[in-house]
Amino acid sequence: MLNYYRSSGGKVECFQEFRPGLFAEAPGALHWIDLEAPTVSEASLLEDPFHFHPLAIEDCLAEVHHPKVDDYDDYIFIIVHGIRFDGPRDEFVTRELDIFLGRNFLITHHKGPMRSITSARELCAKNLIASLARGADFLAHQILDQMFEHYFPTLDAIEDKIQLVQVEVFEKPDRETLDRIFTLKRDVMRLRRICTPQREIVHRLSRGEFVVISPKAAIYFRDIYDNLYRIVDASFAYQDMAQGTLDAYLSSVSNRLNETMKRLTVIGAIFAALTVITGVYGMNFEHMPELKWRYGYWMVWLLMAAVSGGLLYWFKKKDWV
Amino acid sequence: MLNYYRSSGGKVECFQEFRPGLFAEAPGALHWIDLEAPTVSEASLLEDPFHFHPLAIEDCLAEVHHPKVDDYDDYIFIIVHGIRFDGPRDEFVTRELDIFLGRNFLITHHKGPMRSITSARELCAKNLIASLARGADFLAHQILDQMFEHYFPTLDAIEDKIQLVQVEVFEKPDRETLDRIFTLKRDVMRLRRICTPQREIVHRLSRGEFVVISPKAAIYFRDIYDNLYRIVDASFAYQDMAQGTLDAYLSSVSNRLNETMKRLTVIGAIFAALTVITGVYGMNFEHMPELKWRYGYWMVWLLMAAVSGGLLYWFKKKDWV
Amino acid sequence: MLNYYRSSGGKVECFQEFRPGLFAEAPGALHWIDLEAPTVSEASLLEDPFHFHPLAIEDCLAEVHHPKVDDYDDYIFIIVHGIRFDGPRDEFVTRELDIFLGRNFLITHHKGPMRSITSARELCAKNLIASLARGADFLAHQILDQMFEHYFPTLDAIEDKIQLVQVEVFEKPDRETLDRIFTLKRDVMRLRRICTPQREIVHRLSRGEFVVISPKAAIYFRDIYDNLYRIVDASFAYQDMAQGTLDAYLSSVSNRLNETMKRLTVIGAIFAALTVITGVYGMNFEHMPELKWRYGYWMVWLLMAAVSGGLLYWFKKKDWV
Amino acid sequence: MLNYYRSSGGKVECFQEFRPGLFAEAPGALHWIDLEAPTVSEASLLEDPFHFHPLAIEDCLAEVHHPKVDDYDDYIFIIVHGIRFDGPRDEFVTRELDIFLGRNFLITHHKGPMRSITSARELCAKNLIASLARGADFLAHQILDQMFEHYFPTLDAIEDKIQLVQVEVFEKPDRETLDRIFTLKRDVMRLRRICTPQREIVHRLSRGEFVVISPKAAIYFRDIYDNLYRIVDASFAYQDMAQGTLDAYLSSVSNRLNETMKRLTVIGAIFAALTVITGVYGMNFEHMPELKWRYGYWMVWLLMAAVSGGLLYWFKKKDWV
Amino acid sequence: MLNYYRSSGGKVECFQEFRPGLFAEAPGALHWIDLEAPTVSEASLLEDPFHFHPLAIEDCLAEVHHPKVDDYDDYIFIIVHGIRFDGPRDEFVTRELDIFLGRNFLITHHKGPMRSITSARELCAKNLIASLARGADFLAHQILDQMFEHYFPTLDAIEDKIQLVQVEVFEKPDRETLDRIFTLKRDVMRLRRICTPQREIVHRLSRGEFVVISPKAAIYFRDIYDNLYRIVDASFAYQDMAQGTLDAYLSSVSNRLNETMKRLTVIGAIFAALTVITGVYGMNFEHMPELKWRYGYWMVWLLMAAVSGGLLYWFKKKDWV
């Protein structure tokens, strides 16, 4: 699907196709072409009339690259990743966004719908988007800003998951808790590995390193950088929390098990004491006065109860049980 | 709440409102405007007449950003965090302070009362504050210096808590000790994550990187940097201490448990020995001389006492119990 | 074995030997000489007519150096390693590739066949290789690009092995699992130690640091750099995964063992309880009414069954077994 | 206490007080003023006639700052720490030394006696100190060199303590061993945290970064740097050793405990075997030939001895005990 | 012992003593003076006629410094360490080599014989050493190259030791294994701490940073750098291997112990079962039909064998033993 927005003189025109003629007839205009899962013929505009570098085109159309920004003087090529929390599958998914940013044009490419692009398109359709008057760099800022804003609900979802697992660890850990913790650790590591290079990219965009980004726009990219700083900071904190949860789990499981062992051993010790008593009165000595007592048998039961109780009390007092 | 201090010719005037006229009528003066939880109309002075960058205004009025300093040539925008130890809740809380610093003005913004600001205001009210004669950068220094000085009581409180927990670990660790240690670790990590970027910020302020801070004032910021260096250093040391406390706790719990297990096993082994003795005299052989002895039964009791004592002594000598 | 490809005017000639005359008679041509396990006389061309630095020649002909790039102004000398997964031996093997890259020549040296070289030679044989028209740097890019592309199947093989072991750890860990994990860790560490310096090398090649690589070609090397970035990133991730697998294994083994101990202790405790019961009715008191009951003996069996069942039920309810 | 040494024309004069007149009357002289726990009026010379920066004066007179060097163009201000091993308290103590170094003067400040200062003063008193003829930077070098030389006996004391504890760990670890190890770890960490910034400071002094240190003197500071390099290196090695000692202790304690458990369990198993034997001959079957044997009872004793011995032998052979 | 080699016009003269006259009479010659455990009068040549910096002379003649290179413009002073594996003591020993390198002279100092020096001297004696014609820097290269080549046999010896210990860990770990592993870890750490600064030094030598090393010679030092890179790389790998061996040992010991405990507990449980059986037939009920059976007693033996076997089989099936 291709959407072409041409903005000049404060008016945004929208086309469902791209023809070089449309591009040429408005020399001072700003052009935004959004390619969503484009057909081969739609994607061909990257080669002609834009003549982007073959490597950039290849990276753009291929799948799953790591985030990066490449400078080709007249334009820059950016790969970033949007994320979205997929509730049913209980994990977050990433979506690659490829951007060609020139002085008077912006070309975005993605394999499926993205919320940040959709909302920008809606504003364009209503002729409401201020960035289109300010330049391609401001438009790129707006889209990236939206995209990274959408990281925060996912961060919140991950934080919620961590807290749920933490409660589980302290209240009722079981076999699956461990799986959940390992999944969490993997998720958090993945998040960190996506975000750290993106922070670096946005840092470069905000530093005025590229000619296609004006100093005025660079200040705005600094704002995205602040967000990414918080995102990366949070992802490191989550990593610590996930590791701490794992440690707490291992410590908790080991303690519960050891407590159980201790109690079983206490029970065994009490039974052993009772066995000694019964053993005593099972001996066959000819001269054992107790055996002849009228209530000897019942006194043994009392003795056994007393010994059990006494041992339990003593163990408890020693904090052994 | 808005407080506007205008200092010129060694005299400080204080106003409860801000009017552009007040500003314009004293060209060589130094202006300090403190906004404490300002109303919308009070906050509007950031836009007019100061015309700060919209992003800076947004960051200033919004909540909880990470510490940073942004350079807008004519002025700089700083976010720092004050901390205070909240005794009843047994944790420290942070308060965001936003600062716009220009050549002849200082604007501070915070959501609630801050001790560093309050004391500066009191000095202004009494016309006692020397910084107002030396420039906005010196006034900013004074406020920041006060604010970071207030970190130290909180550091002391955290150190006290660590030492309390350490004593607890070695004397009587229980379930809650672990929670306390985890809380402590989290607190210390939070402290470190707040202080490290602030050290970086003050380092930049002290380096003469910004035109609004004169070289003379920069030397004073170096003094704050020294404090922050100590704060960060302490927060790293606390982190080591908290981790060490956790390790000591785990080692201590595990050792206590194992000691208990060892003692229970010793008790079990002694009972097992007694069971063997009673078992022997419970056998039904026709020819067992002891069974016919007059005091055989009582000698068995003696034997059992001797065996118990002997085993205990032997275990003790071997350092097994 | 020596293969000499000379390309000029869009035509590629292939020779099985190298004579200085062949080199001299085509001044504007591009020359590629591939030395595969060369004889001493074949290797002598490095000294004459190319007059490479003796140290570079020594490094080239000797075995197993670490990856590096050395600049000799007129030419650069590169050592990189190709990898291949050796299925039967279940490990990956590396193959050293030595490259001399000049303005109009490329000399490659390797001890045995390499897929990247073979495919380049095949294209040359069919006169199909575009790089030969664009320069020696483009040809070097093509070979290196192919070589590092071949890393990915090996990465996949390693990832498969990790996942196999992870399944094994969670389902049926045994003694050999530990060996497998240690082998895996060693493999992954080796991979990382090969890849990290190579990333650095390709980074330098792509930075336009060497005069023999034109800026146009440097952009293409950036593409290889992206691949190596992913490879190194993956190797770090594998290292984390391998460590995580080891931790999971240790935790799993320890838990299984402890579970077994717990169950054995439960069995012991139940037997101890039964021993107490039999002990009671083995006592020799004169007055023990149960002993005279008609069905006393059978009731003891019932009692023992009940006690066993009751204890088991109680232990299960307490989640002790 | 104040000592003022004035060196000019190869002669050193010593005064117990400082008067600006003394300073002014010898224009080409070198001046060293040592302030040991100075009175307020003695310390006032920092303000007048030296006019040092108020912040430097404050840092100088206040207690316990982290090591640093501040450049004030005409002079530099240095804070370093001497250390001394306090045998009775079995820990090392630090002593802060503050230095103002100008082109023709050196002012040292410390709260109590320091060996490096004392020995320099003694040499001055005897007119023997060569540095006084070579310049203030050489004199500063001499004092710092002495001070850091005094680190080595403390390092040796710490190394001795580590080795004592290591022997203790392998021979007879007890509860206090752990305390000692933790104290050691804290000491070593403290040492490292003092030394690392001082290495950085001396590195800067030796780099010719400050105008008050001549290139000739800078070479000498490089010599101190070498010492500090070794000190820091040693402190890192001690940290590794202390951690290794802790690991060895934990491993040792855990192994001893487990060995004990194993032996207790072996004893329990042997008693259980004996119980089975006595149980067999305690059964009440009518037809048990052994019961009627003349020496049956004694044979049971033999059997029990044989079983105990056999089990012990078997356990030993299996390396279980 | 002093050896003085003077090379000029392709001829090497060898003297057993050094006189300034010998030095002066051959203005264009290259001079190499090797001091092996020199007498005081031999060492005095460092002061006169060479006039080296007193600090360098002190460092040269004193013992055990860390590796370093100091630049004195006209000459550089280098400290490096040779290593040699001392088979009988089963550890490697280091030998300090001090080098003064000027434009036309090389002075080496060491406390005892070094193989690299010895072989260079032998070549000189035979007038065979090419470096003497090429300059002092090439001669220094030759000696250092030899010296670092001699690291490799030591590396191999360490690797062999690691592998021996690893086999021991997996086959028959005992108390001394742990000592061996700790020794190994210390050795490897020592190796790494010696090699890392030397890599840095050779890197500086190869970078053309010093005027006494010509660009042509610097290329050769790059070759030594490659070797040191491999040495440091190997030392890091050994460190990982040693740590892995320790982890494997601890895991192995803990597993063996736990296996033993499990088996002992199984034995205890079987005996407990048998005790229950004998207990049953030791009861004194009047009505116990089995007691009157002709072969009851023998059937109990059968029952006991069956129960033991059944339990063992069940435990084995459950993989508990």
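A, B, C, D and E label the chains in the order they appear, each numbered from 1.
Definition applied: a contact is a pair of C-beta atoms (placed from the backbone, for glycine too) under 8 Å apart; a residue touches a chain by one contact, two chains touch by 3 or more.
Remember, predicted model here, so these are calculated numbers, not experimental data.
Trainee: Going by the contact rule set out at the top, which chains touch both chain A and chain D?
Mentor: Both chain A and chain D are touched by B, going by the contact rule given at the top.
Trainee: On C-alpha atoms alone, could you tell me the rotation angle mapping chain A onto chain E? Nearest 5 degrees is fine.
Mentor: 145
Trainee: Once you find the CA centre of chain C and the CA centre of chain D, what distance in Å lies between them?
Mentor: That gives a centre separation of 43 Å.
Trainee: Distance between chain D and chain E based on Cα centroids, please, to the nearest Å.
Mentor: So the centroids are 27 Å from each other.
Trainee: Hey, what residues on chain E touch two or more of the other chains?
Mentor: As it turns out, chain E has residues touching two or more other chains at 261, 265, 268, 272, 275, 279, 282-284, 288.
Trainee: Which word fits how the chains touch one another: line, ring, star, complete or other?
Mentor: Looks like a ring, each chain touching just two neighbours.
Trainee: List the ring in order: which chains come, beginning at chain D and going next to chain E?
Mentor: Here the ring, read from chain D toward chain E, comes out as D, E, C, A, B.
Trainee: Once bound in the complex, which stretches of chain C touch chain A?
Mentor: Contact set of chain C toward chain A: 219-220, 222-223, 226, 229-230, 233, 237, 240, 244, 248, 251, 255, 258-259, 261-262, 265-266, 268-269, 272-273, 275-276, 279-280, 282-288, 318, 320.
Trainee: Which part of chain A faces chain C closely enough to touch in the complex?
Mentor: Listed in rising order, the residues of chain A that touch chain C are 53, 55, 59, 65-66, 68, 70, 72, 178, 182, 185, 189, 193, 250, 253-254, 257, 260-261, 263-265, 267-268, 271-272, 274-275, 277-279, 281-284, 288, 290-297, 300.
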